[in-house]
Amino acid sequence: MKTSVFLGTVAAATLMAGAGMADTLADVKARGELNCGVNTGLVGFAAPDANGNWTGFDVDICKAVAAAVLGDASKVKYVPTTGQTRFTALSSGEVDLLARNSTWTFSRDTDLKLDFIGVNYYDGQGFMVRKDLGVTSAKELEGATVCIQTGTTTELNLADYFKANNMTYQPVNIDSNAEGEQQYMAGACDAYTTDASGLAATRAAFADPENHIILPEIISKEPLGPAVRHGDNNWGDIVRWTLYALIAAEEYGITSANIEELTSSSQNPEVQRLLGVTDDLGAMIGLDKEWAKRAIMASGNYGEIFAANIGEQTPIGLARGLNAQWTQGGLMYAMPFR
Amino acid sequence: MSDTHAQTVPFVRDTMLPPSDPPAREAGAIHWLRQNLFSGPVNTVLTIIGVLIVWFLVSHFWDWFAHSVWNANSLSECRQIIAETWGEGARGACWAVIRERWNQYVYGFYPPALYWRPTMAFGLLFLALAPVLFSESPGIRRIVLGLATVLTLWLMVTLNAPAAWLVFAAVMLIGGLAVSERHVSWLLIFSVLYPLMGVWFLWGGSAWGPIMVLAGPLLGWIAWLALGRVSGLLATVVALVVPLVWWYFYAGEAASDAESLVSLAIPAVASDRFGGFLLSITIGVAGIAMSLPLGIVLALARRSDMFLVKSLAVIFIEFIRGVPLIALLFVASLLLNYFLPPTVTFDIILRVIIMVTLFSAAYMAEVIRGGLAALPKGQYEAADALGLDYWKAQRLIVLPQALKISIPGIVSTFIGMFKDTTLVTFVGLYDPLKSMSDAVRASTSWKGIYWEPYIFVGFIFFLICFGMSRYSMYLERRLARGHR
Amino acid sequence: MLIYDRRYRSMTFQVIVFILVMALAWWLVNNTIRNLAALGKDFNFGFLWQRAGYDIPQTPIPYTSDDTHLRAAFVGLLNTLIVSILGCIAATFVGIVAGVARLSNNWLIARLMTVYVEAFRNVPLLLWILIVFAVFTEVMPPPNAFRGDDPAASMILFDHVALTNRYTAIPTLAMTNDPGSLDLGARITFNWATIAFVVVLIAGWIARRMIRDWAQRVQDQTGGRPTTWWMSLAVMTVPSLLLILYFGLHFETPELRGFNFSGGINVQNGLVALWLALTLYTGAFIAEIVRAGILAVNRGQSEAAFALGLRPRRTMSLVILPQALRVIIPPLISQYLNLMKNSSLAIAVGYMDIKGTLGGTTLNQTGRELESIVLMMGVYLVLSLIISAGMNLFNARVKLKER
């Protein structure tokens, strides 16, 4: 850490020494900025606007972590990563946290040396086709041309699905979601396959959504979650419990609007612990008392983040479905804050 | 004989007849057409094919271009305007996207309040290039520098640059113009300082960083002067070691200490704000500025008679020239962090610049090697005859001439590299061609717009590259005088 | 003093450089080992023998998702070679035509070619690839437009080829009398008929050379050159025609079945677009090289040839071309190398070349970035070295022999 490297004409602004493997929390605090790996552009999840301000579902996770750790939700440097560069960016220390709708799989968790800290969106792979194709089930796609994004788990699932059902298909490999939409709209593929959330978002943005249908089959489980480097458990705990704090906040009805009021008035011991009124949970993960409060204040609780970015009121228009609270019949279940 | 002739011929014309007009088909437009388009059956067929091609292009694209819309806030609004103006079903180009996203294409995500900084850096670039590229003809230099001055200042005013910086830019540019009239070579000092200045303008932060970087070679020079009398070899070694030691151990601290004493900081801009043509030009210029010296060293090494040095240079050059740039960019984005100590990571833009530099240095080395080989042998022999040692001969005789012959090659390497900067899209940077256009298309208002961004970006690239290639051809003709 | 001895100084300098380079290499390797250890990764190529699990649209050899990553990489390599070789051939053709046409005294053609050359040389290749690809996807009809009694689109070339926005469906060659295949192992097979054609063509070419040598001998002895063109034509074509009859070779036209055409070969638009863009882009550079080569031949050379009574055709082949080639070949080699390297832009159009398989999906699914990229760069390096070695050999043959 002591080594100050000074190379040629490059000023200190472009060079960041640090990012040691061992203590990410200390590095982030020393840097005063959280490096967060996000998608290069997937509306609703992470995309820059015309001024380079990032918004989206994954972006709000970055903001919550930055608020919890640094006390300021704006102290995030968003590093756009492609499907190819995302995991290396994390393992090489370029980003502290990867919030890039990545699927939690066995090999990624073990062989790729990542640690998925939870699931912020339960997704599954589906197909979208034109209505006039007359197809109502993915089983009828024998011989079809299918557009897929390379470097994703969907590519493997697709191969497995068609093989398991003894069908053939012609893959069209595309490199970004924008490209995939373009190909599908031009009719260069019969079906477009990606995560169901992505399909819904894509369909919603079409000029004629009524002419496209999403087939009922969901051919895979795609639990999307933020990931951190393997080996730094303390940092993993921080990100994991920040996510749980957002989910728990929704469960207990803590919103960005009533959080101040609840801090002073709530009698629920779990809420009091979460907001740092009674116990000091923050100290156990190397943060202060109000870490969770700040995380929730950054962009609201899980439900608010969902509604603001991808919910039914947005152009993306996703229903909560599996991502509703466990009390509402969904899978979102925060571990107890105790 | 002649006498008989004179007596037998009754009339001799002593004035020339005025020439009569050529026949109508041998003059004017018809003649030109016959000569250039219909001089034979083959040519006639070719002409007809050519006319058909032109007709095909015009008939297919004319209405699209003619129905251009410049004022709209979304694609649907654009299509509505086209339908209203030219009737239902009419096709039309929607250039409004360029108008609306112009700043994003040019400056990427750079803070809008600071747009004047890259603009000023770009304007000063011409001053830095003047002694290198425009030293041959004062006329062109005056035009280029004059235009650069006027445009830079005007743009800076419209972009609300602070008055102090406006004065700075005006002093630099007008002063540079004045100096160049008398002593063009004095501007070389500015050319050397420019890279540090450019870095400071673009990235901001404390000016002490670049100043302390600059202090390294200065200290080395002082050491060389001081020790030069004792021993030449010792002086050279010390002069090389001192800057490295300074940069590695002291420069960082010195810069921060100086900053705390006297603050010379301007707002810092992180490199993730770079995008669009700003990114392309930054990578391109930084790559060329660093690859030129590296290329010279490599070219000299490859022509060296020292076996080991020569083979290392050959291996390096052939390795780099044997792999695609895109592979090297992936090395930059995926592998470079493996090769560096665990505690050091670079910004992705910096890593890309390093790789682009290595890439173009290999090509540059070959261009300069060509220049060295094209130099008449007598020049080398003359240098030897004067008793100059190797470095003196290279510095005073060989390189100035060889580099001058190589300028066209260097410029075309630069054009190639500038075009290749679009490939950074594959490592997640916002190049103007693909990533930026995808980002524009990702917004709901411009979803589905396809051709206009490509055509616009292609047109800008064409303007820049075509301009450079024409200028280098002009230089080639001008420089072609001596070395035959 | 020793320090003023040139040999000693050069030795010292080389030793220092060597030590520095070795130290740098050691530093890099050491860092890599430390970083890998810190990440808990190792450096081994074992993943190449694991199941790949993904499909590839265009496979020159049989490949399924059950095959290994190694085979996927090999498919990618073959795809790189296919587009590079097709691209080099077409770019040479386009380049020669455009280069000659630019020198044409037809004003319109010369101007058009100038526009073509400048437009392609000064705009990034990536843009051309994207634009050509977009033209294919946006302008061509989808396969189901060919359906029905009154289809919106129809096949071209006498109902043999269908241009769609997904692929170009072209006929395959089929045989009524199939001789079977030679199995090379690893499910790579060569049909005996292909081998027979190759053998016959090579034999025909050798026979043609022998006829030419014989004609040359007769000319040297008698001064008159026998007419040989029909003999050459016969040895080149008749055996092949006989083989075609023997094997019952015919076209099998693609037909629309279900969603797509089948029965023929569906050439992915990614390949076509990449090939076309590479051809036009490199063709523009080759055109400039050809133009420069022709202009470099002194006018006096052709005048001298005419004065000797050579006909224009023989002037071209015996006098101008050999000299122009001397100027053309070296830059042409680097254009071929560039084309091969630029084919790695295939990822922009989803054509799975070696960058797309080994350096793309395999890298991504296995997380073996160091191994994959090292291997991929090694492959490109070997390809480059092979191309430059081959072309340098050719260059040595056409080079002016100075005596």
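So that you can tell them apart, the chains are marked A, B and C in the order they are listed, and the count of residues begins at 1 in each.
The rule is simple: contacts are C-beta pairs under 8 Å (C-beta built on N, C-alpha and C of every residue); 3 or more make two chains touch, one makes a residue touch a chain.
The chain lineup, named per UniProt: A = General L-amino acid-binding periplasmic protein AapJ; B = Inner membrane amino-acid ABC transporter permease protein YhdY; C = Putative glutamine ABC transporter permease protein GlnM.
Being a predicted model, the structure only gives us computed values, none of them experimental.
Enquirer: Let me check something: if the centre of a chain is the mean of its CA atoms, which chain is farthest from chain C?
Expert: That would be chain A.
Enquirer: When the mean CA coordinate of each chain is compared with the mean CA coordinate of the whole protein, which chain is closest?
Expert: Answer by centroid distance: B.
Enquirer: Using mean C-alpha positions as chain centres, tell me how far chain A is from chain B in Å, no decimals.
Expert: 40
Enquirer: Mind checking the centre-to-centre distance between chain A and chain C? Centres are C-alpha means, answer in whole Å.
Expert: 42
Enquirer: Can you compute the centre-to-centre distance for chain B and chain C, using the mean CA position of each chain? Integer Å is fine.
Expert: For chain B versus chain C, the centre distance works out to 31 Å.
Enquirer: Give the residues of chain C that touch two or more other chains, as numbers and ranges in rising order.
Expert: 35, 38, 134, 138, 347-348, 363, 369 - these are the residues of chain C that touch more than one other chain.
Enquirer: Which positions in chain A are in touch with at least two other chains?
Expert: 21, 84, 88, 92, 182
Enquirer: Hunt down the residues of chain B that sit against at least two other chains at once, touch-wise.
Expert: Correct list: 330, 334, 337-338, 341-342, 426, 450.
Enquirer: Across the complex, what residues on chain B touch chain A?
Expert: Touch residues, chain B against chain A: 76, 101, 103-104, 108-110, 112, 195-196, 199-200, 203-206, 209-210, 213, 247-248, 251-253, 255, 268-273, 275, 290, 330, 333-334, 337-338, 341-350, 426-430, 435, 438-439, 441-444, 447-448, 450.
Enquirer: In their complex, what parts of chain A are in touch with chain B?
Expert: 1, 3-21, 40-43, 47-52, 77-82, 84-85, 88-89, 92-94, 176, 178-179, 181-182, 185, 205, 207, 315
Enquirer: Show which residues of chain B lie in contact with chain C when the two form their complex.
Expert: The contact residues of chain B facing chain C are 36-37, 39, 43, 46-47, 49-51, 53-54, 233, 305-309, 312, 318-319, 321-327, 330-331, 334-335, 337-342, 415, 419-420, 422-423, 425-426, 433-434, 450-451, 454, 457-458, 461-462, 465-466, 469.
Enquirer: Which chain C residues qualify as touching chain B in the complex?
Expert: Going by the criterion above, the answer is residues 3, 10, 13-14, 17-18, 21, 28, 31-32, 34-36, 38, 101, 104-109, 112, 118-119, 121-127, 130-131, 134, 138, 337, 341-342, 344-345, 347-348, 355, 359, 363, 369-370, 373, 376-377, 380-381, 384-385.
Enquirer: Where on chain C does chain A make contact in their complex?
Expert: 35, 38-41, 53-57, 64-66, 134, 137-138, 142, 165-167, 257-260, 262, 266, 268-270, 347-348, 350, 352, 356, 360-361, 363-367, 369
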